[in-house]
Amino acid sequence: MLMGYSFADLGSIFAMQAFAGLSLFSVFLLMALGLAIIFGQMGVINMAHGEFMILGAYVTYLCSGFFSAFLPGLYAIYFLVAMVLAFVVAGALGMAVEWLMIRHLYRRPLDTLLATWGLSLVLQQAYRSIFGAREVGVELPEWMMGSTHLSETIDIPINGLFVMALTVLITACVFAMMFRSSWGKKVRAVVQNRTMAGAVGIDTERVDRYTFGIGCGIAGVAGSAFTMIGSTGPTSGQLYIVDTFLVVVFGGAQSLLGTIASAFSISQAQSTMEFFLSGSMAKVLVLLGVVGILMLRPQGLFVIKVRR
Amino acid sequence: MSAGDFSSDRPSALRRKLLFGMAAVPGLALLPRAVAAAAPAASVNSTGLAVTDSTVTVGILHSITGTMAISETGSVEAEKLAIAQINEQGGVLGRKIQVIQEDGASDWPTFAEKSKKLLVNDKVAAVFGCWTSASRKAVLPVFEQYNGMLYYPTFYEGLEQSKNVIYTGQEATQQILAGLDWVMKEKGAKTFYLLGSDYIWPRTSNKIARKHIEMHGLTVAGEEYFPLGNTEFNSVINKIKLKKPDVIYMSVVGGSNVAFYKQLKAAGIDLNKQTLMTISVTEDEILGIGGENIAGAYACMKYFQSLDNPNNKAFVPAFKKMWGEKAVIGDVTQAAYLGPWLWKLTVEKAGSFDIDKVAAASPGIEFKGAPEGYVRIHENHHLWSKSRVGRARADGQYDLVYETPDLMEPNPFPKGYQ
Amino acid sequence: MPTQNDFVLSVEDLAVSFDGFKAVDDLTFYVDKNEILVIIGPNGAGKTTVLDLICGRTKAIAGSIKFHGEELTAKTEHEIVRAGVGRKFQNPSIYETLTVFENLEISYPRGRSVFGALFFRTDAAVRERIAEVAEMIFLEDCLSMRAEYLSHGQKQWLEIGMLLIQDPDLLMLDEPVAGMSVGERVKTAELLNRIIRDRSVLVIEHDMKFVEDIAHKVIVLHQGKIISQGAMAKVKADPKVVEVYLGH
Amino acid sequence: MSKTLFASRGNLVGLLLLAVLLLVVFPLVFDIFRLNLVGKYLTYAFVALGLVLCWGNAGILSLGQGVFFGLGGYCMAMFLKLEASSPENTKIQSTPGIPDFMDWNQVTALPWFWEPFHSLSFSLVAVVVVPALFAFVIGLAMFKRRVGGVYFAIITQAIAAILTILIVGQQGYTGGINGITDLRTLKGWDIRTDHAKLILYFINGGLLLGALLLAQFVQQTKLGRLLVAMRDKEDRVRFSGYDVSSFRIFVFCFAAGLAAIGGAMFTLQVGFMSSSFIGIVPSIEMVIYCAVGGRSSLIGAVYGTLLINFGRSLLSESFPQLWQFAMGGLFIAIVMVFPDGLAGLYQTYAAPLIARRFRSGRGGGRIAAASTGSRVH
């Protein structure tokens, strides 16, 4: 592998691969954050997570159409508006779903899995009926495409940087919300002991609904961001679900820090292996590795040891 | 070079009518109709197909739900258009075509089940359908066992030939070889990097491409496959940057394409400088990819929506009239459009709907109204067709840059490439 | 300190910590044959953790637990049970949807392997033993009742019965009389005194009256350490104990 | 109270009714095309039966049952494919005598793991043993480490994803995404004829009833009750001296074996095996068959499977778009409104009615065709 390349080549490749790994990391983390809140903190298995992401993507698509038709002057910044809208729309749908469905199922986690799978089928068909079976192309403002040219062989994609920045921002927000605000305390209290939290005056239903909504909203933002690197179609959401769950579970479901660590390790492993092996084999090996480690360490990488 | 140079200039065919195709074959169309008006069902249908004195029933079998619906929608639309046009002209042997549409649901066993239903229960005279190789492989034994007729529209890997199937798309050598020759000659390409989705069509296509490249003493710098639905291509793009191949040769399918081209562009690879040739991205896929992300790439297939010939100039507006101004037409969609027409022509030549007679009459059937120009059915049930190279524009269309002077012979079992 | 092999249970230098918090620290005690040993102490003293350690639910970081001279720390839970250690939980843990009879039947120590269970038949010997145990736990009239309809105290007895049917050498009871009426408490004391003839019992209890009734020996646990042990009378008089526990 | 070795009397009545429906009514009512379809549906019922024990009773939700269905089907298909690939049939290939897809992928000799599948008896054993063994390995690794519930579901899902990529990627050895197609004869007997399909339908029906009986037997034993017990009170069972993990491994393997038989029968009746079963979507769909039936009701699972598949066939013939909404809605409704599925409906509405009839008729007859896990003495 190393033969035939000059040191300059190797250096720049190393830099590029590192960047590829990092951008994969931010993609994984962005996918997983919403789920980490919903699954890790609330214990709800949301199989429709991918569909919430695609909802964000469709919102972005609609926004792009709207701005180019009515506000062409502001087209350059439409993406920022779209992301906010994606958060709001996906979050609102999430809250509706929580109210109609999830709140009746907190004691039956495996049932939430089935019900949300049903929801994902319904959403897929709804997308297909509304937007057509074909994929839609989401156009990006010119400044977001392209790359900064650092040297002869090193190009840093701008949208990659954008996704990274977004990931950092959202992660920071989530952490601030969960660990620095009274809201986060309430969420954690409800997660640990629903009855007790209710008894001390926390409106658990409200906490649940908003937490679920925020998780879905983050999924929506992720979906919106992914229009820069992936496809938007009725079934595109399904592509993400296995990866997303593995990231969350691998990290130790209850630990947000674990989610970050696991997104990092899985993405680095994958992008390194992809470089040395064919794409298919790399994927298989990474998944096998994750499953293998989970078998040895079922609680995931990070886990709080509790006294039983 | 303009695509118009290649078209024949028959002025009459410029008229924008639904009935454009028949202008080219008036004799064929009129004569059997006169016959059919007198012919009772029994005489044109000796095997109990769903044919009455005024109607004939056919099946359409594509995925309209599930992951493949993305690709197959265009085929359904084209087939329905062709059938509507044929009916408007008086149908087949004087009988209006009725359609039973079934959903394969992107699931191969479902395709088998539905094809059996169409043949055994509905007794359809022909089926227009399937898209992926897997669905075709699943239904093939059914068509052979129950003696049905399938018109299969997709470009595919070859290695197959059946009495019961007419392949209206190109088999691999037809699609690949001319394009490779062109890129070698025109671009002086010496090294190639082959990328594909991990299943039979890309692997077989790349196998043929590799043999052809190596036969010319040139180099394959890399060959890689990605799971279907893969959306991460940054690592391989880095490898491409490192190896600097003259040509990136692509057979990645589905949503992965969107991810690939967006990431390629973001990585600063300019397709106006880096030659990329795809055999899997039609105008349909560009809708999802976004024209600005793929502009400059070359595609190698037999049909582009922008083809400048009278047939196509009637076909495209007709398609848009039926399915909306925004509709786009890709290679497979056009090939799907050929199916009902070829079937009509064959039935009328055979003077019967009987499958055996239709199968026997198929070789030699020519369709002069084909949007791609002209096609003829070969003895092996594939089509003689031209191979074309187009260059993607930012608006999602291709500019024709090359087409083979002659029709290419279909060769599903190519010697020396296996 | 030499290991005393003639004890039923010897716990020596036992320690465990959760994220740095030492729940049990350097614990040593012994249970003799036919002895009822009661562990008392304030909430969070590590009482339940001690039972968890003995029955294998929690793994110790140091020390040894020997049962009839056999090391338990390396064994899995079911192996420890099969060696003869029975454990009752703080909240009665019974199969609510099954009848009392079925609860006892399922606990019967035959057919414990997969295929054993597949071909287990409820024969006369089983029925006889179930009747015997049911009488011991005052439930002989409730055999066909679904367990969820039993009173809280009866559920506690049933769980004890489910252990007794396995004839363990050491019975560990976590708060056996919690939620019981005075009458039930008296009967439970009677039950324990009866079954002690064949085995040893380790009890965790808060109810001092009950402890005085049954305890042969008492250990007072505080912050994972033994602060006093011996006969109830002696322990009660210990000023350290009064300070941390009884004085409240 | 009436109780036989295999089932309570009520269950026996239910079983008998089902047998009549499958072996008498369906063959009389349906033409061979529909009957073959029913046969195909019934192969999924094997999976649903396994899920009743595994999920309904033992509380282990596997989202990878399609893997075992597929593996069983592949084992059968490998034998049939080898028989279909005799040197005479494949003489146009560059290497005659090997399956066509190998030839297309430049495989020039039969891989070693295909060799034993020349033997029918080996293949039949492999149909059950290979998937069960695979389940054993997974179960051993997971249950010994106490992975359960949600985590188990997600990991089985990941395993399904891995296997799909592997099978599709290794197409030279597996047939890739196309699966193993164009199967023709079983020891010279043409399985594609209507007559063969009829016979295969009855074999399939018989096997399913056998599997049902076996599963009922398991449900009735102490092991069956222990499974339920360890679902609800895992620690109590563990501290009653049972090795919980070994019971779970057993029931997981048992369910895998059942699914595999279904897969093999699928291959025989449909004539090919598709890689699409070894994926997440079919695996989750099979869970819903079981849920519609009522999770812990074996007979309910068979009815649930039939109901959904009939529904799909009918609806998708006329309203394909609607079908996906209906399927999604069904998932939600089953969970939210009818968690006990068909069996629950039967118990609540039909059973009391029937019981009243019976009592007035001859008194005392007790019907519990769809027992929901609680045992009838």
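For reference, chains read A, B, C and D in written order, and residue numbers begin at 1 within each chain.
Definition applied: contacts are C-beta pairs under 8 Å (C-beta built on N, C-alpha and C of every residue); 3 or more make two chains touch, one makes a residue touch a chain.
Only a predicted model underlies this, so the values are computations on that prediction, with no experimental measurement involved.
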Based on the averaged CA atom positions, which chain is farthest from subunit D? C
Which pair wins on C-beta contacts, B-D or A-B? A-B
What is the distance in Å between the mean C-alpha positions of subunit B and subunit D? 38
Quick one: subunit B and subunit C, Cα centre-to-centre, how many Å? 76
Euclidean distance of C-alpha centroids - subunit A vs subunit D, Å: 34
So which bits of subunit C are touching at least two other chains? 57
Going by the contact rule already set, what residues in subunit D reach two or more other chains? 165, 169, 321, 324
So subunit B residues touching two or more other chains come to 64-65, 198, 225, 227
What residues on subunit A touch subunit D, complex-wise? 39, 43, 45, 101, 104-105, 108-115, 117-126, 128-129, 238, 241-242, 245-246, 249, 280-281, 283-284, 287-288, 290-291, 294-296, 298
The subunit D residues in contact with subunit C across the complex are 218, 221-223, 225-226, 228-229, 232-233, 235-236, 238-244, 246-247, 250, 374-375
For the subunit C and subunit D complex, residues of the former touching the latter: 55, 57, 76-78, 81-82, 86-87, 89, 93-98, 102, 105-107, 109, 111-114, 117-120, 159, 162, 166
In the complex with subunit B, residue positions of subunit D that touch it: 33, 36-37, 40, 92, 94, 100-101, 103-106, 165, 168-169, 171, 176-179, 181-183, 192, 266, 270-272, 274-277, 282, 313, 316-317, 320-321, 323-324
Along subunit B, where are the residues that touch subunit D in the complex? 64-65, 102-103, 105, 107-109, 112-113, 116-117, 120-121, 132-134, 137-138, 140-141, 145, 157, 159, 198-200, 203-204, 207, 225, 227-228, 413, 418
